[in-house]
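Take a look at these structures.
Both complexes shown next keep chain A, but they swap its partner, so chain B is in the first and chain C is in the second.
Coming up: the complex of A and B.
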């Protein structure tokens, strides 16, 4: 079969500059040269690599116009927004650009191809520059060779934008391979927020996702990125995300993971300037045979900065989660505060949560904490709730929502928070008996 | 029929008998106090009635208005009209008081019917005001980080919001300061009616100064060994339990 994995080719964009062709070629070489992940590899420990069935997927043609229209209509999680992009199987379906007022200030919000054509220097500086160090280098290569869909947000110095830019990435066609890319560049003291939403058209369409997202936060910049991953359970997904934070930058990432048959999430944070403050929050609902494989890396190359990570997973059925977190504090990065917490709530005894926290500290004056807890539903809490007349099922739902509330509160948008609660509730309705 | 009737209840845990042929009838409209030394089985009795699964019921019945509730699911027992104010209320992270009580009220409605949110909050706030609870508490996680006294007030708030037929209060007075004791007692007294029965478990007369019981029972070693009127509690306060034990141990088997 002629699929993208057996016979990968570079995607060519019209009038592509040489640097882009070089990066694509390098990506393709990297993909071909590196072996498939093996269970013996430390970066893939506990992952069921045998289930990494990624062949047979291919780049698909643009879906029918009705499909695009229907999915644009369903792209309605956030109504108060500054910009919107909708891609289906990596084909553009809708794009709401920014106001003239923002353009006049130098703000750029464009699909990748147009950003390359209109702002080549900017794209040369940032696009496809951050690979991953967490094990999916091979797949980053495939992404670099194949990416064509995605949005770029550039906010110049001192410009503050309150409402979010919302990017929807849908899959639709049979065995589609998609390579979405979100790039956010916030210059010094700029403020912006983006929401990336990953959806499948139906419960059945099988898909492979290899997405990359990069945030560059300049000095004093403030960036908030929210991610909703709700692929169907026929999707194999890799999300390779990197945040680079300069002096005094504040970056917050909140990820809600509900979907995919197998989802690998590599989330890297690199602190390059003192005073930076980066938060990485995630909540995951894992059910049936889902596997969520979470690898995180907090690198402090400058002192006096904070990184705070909280990953919460609720597991049902035979689901598995793997959390492997690494904190690295470079020599001289004194007065670093780096925190890492993974909490797992097992709702069924057959579910399995694995945790591998790690620290590498080369500075001596630091505050680092890392910890993981895994617990079952507390029977006494359940009795207490039921003794008020609440059924076991509702009590368990309340407990799970209580467990997640700590993360949901952090999205700081009532509309999105409510929509997230609905997505999670829908996933649970039939589940908790 | 209008009674909570506990008949010859035998309960054990890990093979050890805790309740021994325990019998007690609480008619609606009455307040019964249950006193007795630590470890005699008062909380066990309360939890067994409420449907806790950890205990083994060897024999007996608990009839709520004539219907046996023993062995039922805790939520069904609650919906039948029983409320247990816990000696040690549990902390439920991330679940607000308002949402929790709302879920409990919702559970009592027929399928498809919804709570009227405006009326619900009006009632909730009025009852919190009466218990001198700050309205900010509605948004706080249930019992999480509450002081001992705050937890007990929250129990009484739930009790008054859920309109039970029979209330079992397990040491609601412990952890309360004098003012809180008075406020909570007033809350309970407001709920006293011909339609409702109470079992008040306590070690202290001071609660019974406020919530004056109709009957006082002394429990020892898994059963009631002595019953009397409100004066009995005063007698216990001054004399302790020793005379009860002596009387009990001395009594023919």
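Coming up: the complex of A and C.
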């Protein structure tokens, strides 16, 4: 069998420009040259790298038309939107482009291939240019060589778009390898919001995901990105996300992670201008034998900026989570405010939470803190509710959903928030004893 | 003489307190570099038992095989040249029981450091190590009658193998890390202490480590066993002259607190700025026992030290309180490890670091609740104070939690001395330097209270001294 690990093939798009071919070749070289992660690697500390395998996954052919139709139908988490793309095993299933009014203002929302054909300069400047530096360089190489599905959003200076652009990435075929890519470029004072949703067709189809998302927020830009990851528990997933924030830019990332057998989530923020404000929020519900491996990096290269991170994990059964975060304040980046919080709620004694909250501070006039807590449901709170006649089961549910709500409400959309609550409920409500 | 003059006077004396040396004249010298012959020489001089010889030689093999931990640690480690170090230097293997019997230059050394004076004032016993061996060792007679043993490592293993051998190298195995292996091969000096059941020492025992020779490596080995319901406080201090070349200090300290025993281990590390201080310290706490590390690092070029407690018995408690001060050219890479292996165990880590100039302080910690335990608690607080714009601090904790009703919390913060604070104090007539000193002392004040009086006074002075000229 021709697996992507043994013989990764570069995706070739029609009339691909030379720069793209170079980046794909470089990616392939990087993938081949770098070893698989090992337990000795600090970047993979606590991850069960011994069980990590990407063997036997392949790029698949386009699924049958009825599969595409059915999945487009199921792509219904958000109805009020500005644009929509649906991919199934990296094949396009649906695309709702932008209105003519937005087009006239210079906004671009296109599938990657079309963006390369129509806006080569823009794509040369941004596409596959930014990657995380958190240990998955090998997989970024594989992504660069293989990516074909994904959407590009470009919002020119001063254009503000309220409604979100929604991208669905589905897996369907047997042992399919997918490489979704979301690229968001918000020029100075532009405003945009994007939702990326990762779903599996069934509970059974095994898949490998290596997705990349890059956000470039210009001076004073405002970007809001939401991620819903609900792969089935037969999926191995790598999400390599970056944000670059210029002067006074405001960027907010909210991720809700529910699925995958093992999910590596790298989220890197680079602050390049004063006054920037970047938020990184995440909620993870881990059960059975799931492993969520989260690595974050907040780099402050400019002073007077703010970054704030909150990662909450709830764990059941034999699930494992790893939160490894680093705040780095570069020399001279004075008046930085950087915060990092990790909260782990252990709902079963066999679940395991690991926390590695790190700081590297090279400037003295800063406010930086991090906190990590791990614990069970507060017995006193539980007792309080039970003494008021609430059954233990209901009290537990209230407390666990209360724990989630802090992140869920940050999506700032009643429709999406409610859909997220349903997804989470479906996953584990029955398990709360 | 005004008050300020007195203060200055005290500081001046202190600055030069450790920075002097006497001519090198040693009867026993293992030469330069590390080979099997070096180890055999040390064993011969010490007249080691056969099992100790084997232990050392095996450790040498482990040391050679282990890589430097440079995948995560400071690259400065690569500057240690193991072939240029002298591994054993002494004037004799038997410590004197009276200061009168100590060779003059050694006696003068410790007198200048104030050790005999402290002994008279508040200590239950003192051991003073000069390069590889203790020159002086004495404990109050009544303690001896109660069965307390306070000897050096050689004497401990030779005379009391039935007490020390079962625990020797058990809390910190040879292969724990490269430097614990190096120590296991070359160890000399240090304290072996046994406190019998129910004996509670009211006054601390103290060891003082002095490096006098250049290009030297000091590898003392300490093992403290506190039997059931006993209590002991142990303090160590250290100094070395300022040499041009690098000096290596690599100790192994093992503590064993049996049921309901309490051990408190206090370190004031004030090595000169050419010393690599790479120390492995770990305690084992049985049921209801308590191990407390109070660790203060002011000197050295690079310190790597993460005192740990293995909480092996139900209800055991572990604590690490640490203060680190990193000045220009220094890297204080310190931290703590707490291994929870039984129910109802609790641990507490409080770490405060101050970085001055280009100094770098790092907190590295590990809290581990790997098994399906119940009702374990850990609290970790790391506060860093950065004095200058180019000072640096890092925090790298690693926390693993499982089990029922366990709680772990970690908090870290980074701050600077606020301009308002300094302005306020200067308005009231303090100089900028004094104001800064006061603010820094305030930052560590609550931890300082954990130290015995004599030590906290000494510490305050050291901090004042290090802060001199750091403003502006």
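The criterion applied here is as follows: the second predicted complex is superposed on the first by the 432 of 433 C-alpha atoms of A that agree within 3 Å, B and C clash if a C-alpha of one lies under 4 Å from a C-alpha of the other, contacts with A are read in each partner's own complex, and residues count from 1 in each chain.
Operating definition for what follows: a contact is a pair of C-beta atoms (placed from the backbone, for glycine too) under 8 Å apart; a residue touches a chain by one contact, two chains touch by 3 or more.
As the structure is a computational prediction, the values presented were derived from the model and not from experiment.
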{"item": "Partners on chain A (chain B, chain C) - clash or fit", "value": "fit"}
{"item": "Partner chain in contact with A:381 - chain B first, chain C second, else both or neither", "value": "first"}
{"item": "Partner chain(s) touched by A:398 [first = chain B, second = chain C, both, neither]", "value": "first"}
{"item": "Chain B versus chain C as contact partner of A:389, first or second or both or neither", "value": "first"}
{"item": "Which superposed partner A:354 touches (first chain B, second chain C, both, neither)", "value": "second"}
{"item": "Larger contact residue set on chain A - chain B or chain C", "value": "C"}
{"item": "Chain B versus chain C as contact partner of A:45, first or second or both or neither", "value": "second"}
{"item": "First (chain B), second (chain C), both or neither touched by A:364", "value": "second"}
{"item": "Where chain B and chain C come nearest after superposition, their Cα distance in Å", "value": "14"}
{"item": "Overlap of the chain B and chain C footprints on chain A, listed as residue numbers", "value": "379"}
{"item": "Chain A partner contacts - residues on chain B that touch it in the complex", "value": "50-53, 73-75, 77-79, 83-84, 86, 89-95, 99-101, 103-104, 107-108, 141, 158, 162"}
{"item": "Sites on chain A touched by chain C in the complex", "value": "40, 42, 45-46, 331-332, 334, 344, 346, 349-376, 379"}
{"item": "In the complex, chain A residues that touch chain B", "value": "378-381, 383-392, 394-395, 398-399, 401-406"}
{"item": "Chain C residues touching chain A - in the complex, by the definition given at the top", "value": "71-72, 372, 374, 384, 386-416"}
